[in-house]
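We just call them A, B and C in the order they show up, numbering each chain from 1.
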Amino acid sequence: MEAFVQEKPAEELKPPITEIGVIGWIRNNLFNGWFNSILTVVTFFVIWKIVPPFFRWAFVDSMWDTTGKACRAGTGACWSIIHSNFRFIIFGFFPYDQQWRPLLAMFILFGLLFYSRDRSHWSKYLGYSWLVGLFVMGLLMKGGLFGLESVESTKWAGLPLTLLLSVFGLTAAYPLGVVLALGRQSQMRGVKWLCVLYIELIRGVPLISLLFMSSIIFPLFLPEGITINKILRAQVAIILFTGAYIAEVVRGGLQAMSRGQYEAAESLGLNYYLTMRLVILPQALKIVIPPTVSILISAFKDTSLVVIIALWDLLKTTQSVLSNPQWMGFSREAYIFIAILYFLGCFSMSNYSRKLEKELSAGER
Amino acid sequence: MATSQNEAFIEKVPFWLDPKKRAIMFQIFIFCMVGLLAYYLVSNTMANLQKQKIATGWGFLNKESSFEIGESLISYSAASSYGRALVVGALNTLKVAFIGVVITLILGTVIGVARLSSNWLISKLAAIYIEVMQDIPVLLQLFFWYAIFYESLPSPRQALCPVSGLYLCNRGVAFTIPEAHPAHKYMLLALAIGCVVVYVIRRWAKKRQDLTGKIFPIFRVGIAIIIGAPLMVWLAFGAPTAMNAPQLVGFNFKGGITVSPEFIALLLGLVLYTAAFVAEVVRAGIQSVSKGQREAAMSIGLRPPLVLNLVILPQALRVIIPPLTSQMLNLTKNSSLAVAIGFPDFVSVANTTINQTGQAIEGVALIMAVYLVFSLSTSAFMNWYNKKVKLVER
Amino acid sequence: MQDAKMKEPRVSDAPMIEITDMHKWFGEFHVLRGIDLTVKRQERIVICGPSGSGKSTLIRCINRLEEHQRGKIVVDGTELTNNIKNIEKIRAEVGMVFQHFNLFPHLTIVDNLSLGPIWVRKVPKKEAEENAMYYLEKVHIAEQAKKYPGQLSGGQQQRVAIARSLCMSPKVMLFDEPTSALDPEMIKEVLDVMVELAEEGMTMIVVTHEMGFAKSVAHRVLFMDFGQIVEANTPEEFFDHAQHERTKLFLSQILH
């Protein structure tokens, strides 16, 4: 048996040329194996067939600032429909000269959202800022105080309405969901079954049926003479709907809590309310932040359904522009535009949720 | 001694401090509040209904509907009852849901697997598809596809004909189908018998493998039989190739099968949207199986198809099936959006019924009941499946 | 640990594994730099070294879980190339035991063990199960045959993993840090099984930090650092008279 002692120093060599760099990358990622090679070739062919014509339609031949008539004469995309009707699509019927108000409200919302992204900013003050912010936003929309002209809620439309329905929807649905989840976990049989009934019922039906219920049946629930405006009806339906989904997500968080936490709180003498508020909920809710963001994304997308009960959200303002004879026939362009808006919103939220998930799981080590 | 100690412990606790009694009192309180609220709502409702002279009860189901329905799987006319109209709507919902689920499963699985492909191009394209389709509301997608039909496709006279026998126009899509022929019945029979035969052969092959260890190429043989048997029947009948092609007659197509733009738009929108979510579920499921499982399987010498079948898929499916059934349920619930583009699904028909009879409560209750049946049966299935495949642990 | 073992491999046999000037890169990172290694039949080798030295990568190259870019690997006369047939032939003769066991959780213990023989060696089910029971007895775990991996402790699972590899009648067994993921009280039961295996004359390459095992069972101890084999010697010489600077540094860090 020979002993061996290494003489040479550990020199680092460069890998063979076919392994690294551009060639290596292409070889390993696009042409590794005959199946992948064929796929790559076919895909490039398909892309070549589709992308250049689309590019020509969308950018080269397109018109950005013309009339509908001129657009019809051309072959490219008619982005003028967006350009000419932009304010209506975004703000709907809000009085033209007062549109700075919903704009400001949206800026406040985006500002708060942007600030809240960094978890190190989360504190009591942020919570208060949100409350104040929401109040100010409501004020800007409604008016009637501080010299702001009052604007009826029937005139609220477009993007502000979509944001309003989603944000208030989630904000109000959250406590509802938490209460339902706690009820479902409760030892009290009666309360538990009530919550189970509610959650399974709401989760089993499509949102559209709740919207129908809210717009047609809610008025019947109220005594004569009292009416609630259309937006509030839809908002209540969205809150009831979202609350059930939040309940399920929070239930997952509660179930993930170890028994030890409950026992520790009990041995400290904390009652149910204090146990939940101080010990269990802070931890459980933190665990389920990612799925909660995903519910927010769904709520944002689901607001588009209010078009069916004739509420003037972003989708409906767009559709009414399309029914204008001057702009008829350019649905593709209009829908692509608001698709981009929705996509930007949802994508930034889902990106954020992924980032959060990474952060939270890293902290769990 | 002992007895007196026991007596000392069992002191009388006033009932308002006893936790159990408090719980009961709390629940009674809750029930009373709910009951009061319900009473308030119901009495208001009854009063309002009376005022507006709206009928209650289910009698309207037998009344004549006097509205037409664009497409129906069973015979229906404006003289049929509301009840029948609702059945037509429900059947349409099932039609869309069934076809939608099948196509979505296939498309979603392909995209999910593509997302995991080692081919960078394919993987990135799949990722883009998933991200984009998930982030655009499904209703917007429905409107988009519907608008494509109405605005971008020409009239039947100038219909697009990408392949011979397939016509795209703003009245829908017209396909060529094989001309009805007695051979088809027998081909179907051959297919059914083929399936049974394959099943039997599978069992025999498994037994044989257990006994002798020899592996029978059941997959190839099975495919051969399932395709071959109907093929043989077709050849035996003289290989009839007569096709029933759509012909332009006047302003529309006759012959072949025409599918309405509403149906196609609904199907496209639902399938493309849901497939993105299914792709994520499939991807997550496959990735949930740790790399080590594949390595261990390869180390004992299993070939890739066997690694997939025996080790990866059984574990991946456990993770995939529950969220997958949720997505299928979502597709069914989203089909209710058909009301927005005029496809006569159940919600759409119920909506028309409500508008005509004014009986909103019964109508909405019916809608909820029908969808609840779908959801609850899906939940029951999921629970059963989860119990059945639960991995046994300490 | 017992001392009775066959110390000298049979000199007349051809080598079991021959690695010549093998290099491997992960992207730009040169992880294995010119490995030359010959393993004779029935020889037992322990490889140690700091993390990142490439020891796991080295043995994973032997059964093609990792692909080498330069150099030659020959296992029992078959060269390891991109040829699928060669790879499968080699994999059937090389058994591997992983740090995290990698038992198939959806199958019973018996099914875990009989999977390979049934589907690769095409053995009838009954025979495969008898084979499985034989090896389960060998690793002293026959009573758990019908259980599922999730019901066993770490030490039990690892012993099952060893039995699973043995069911394929391999000529070489590779061990990738087999006890690193185990609680201390379970390490001994696994090492005992490995010692029994050694006594029966199995060719073994073990990547481990268990120096006691190396001292009592190994023919050679290899020290790897920065992708190279820095020093190789008999256990006595290695631990008591290490020659290379880096070897001495490493030993001082782990033997305190």
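General remarks:
Definition applied: contacts are C-beta pairs under 8 Å (C-beta built on N, C-alpha and C of every residue); 3 or more make two chains touch, one makes a residue touch a chain.
Computed from a predicted model, the values in this text were never measured in an experiment.
The chain with its Cα centre farthest from the Cα centre of chain A is C.
Counting C-beta pairs in contact across A-C and across A-B shows that the higher total falls to A-B.
Per-chain CA centroids place chain B at a distance of 49 Å from chain C. Centre-to-centre separation of chain A and chain C, using mean CA positions: 51 Å.
Averaged Cα coordinates give chain A a centre that lies 24 Å from the centre of chain B.
Interface residues of chain B facing chain C in the complex, by the touch rule stated above, are 209-215, 290, 292-293, 295-303, 306, 310-311, 314-315, 318, 389, 391-394.
Contact residues of chain A toward chain B in the complex are 28-30, 32, 36, 39-40, 43-44, 187-191, 194, 200-201, 203-209, 212-213, 216-217, 219-224, 297, 301-302, 304-305, 307-308, 315, 319, 329-332, 335-336, 338-339, 342-343, 345-347, 350.
Considering their complex, residues 1, 3-6, 8, 10-16, 19-20 of chain A touch chain C.
Residue ranges of chain C in contact with chain A, taken from their complex: 23, 25, 27-28, 30, 33-34, 69-70, 219-220, 225-234, 237, 243-244.
Those residues of chain B that touch chain A in the shared complex are 23, 26-27, 30-31, 34, 41, 44-45, 47-49, 51, 117-122, 125, 131-132, 134-140, 143-144, 147-148, 150-152, 333-334, 336-337, 339-340, 347, 351, 354, 360-361, 363-364, 367-368, 371-372, 374-376, 379.
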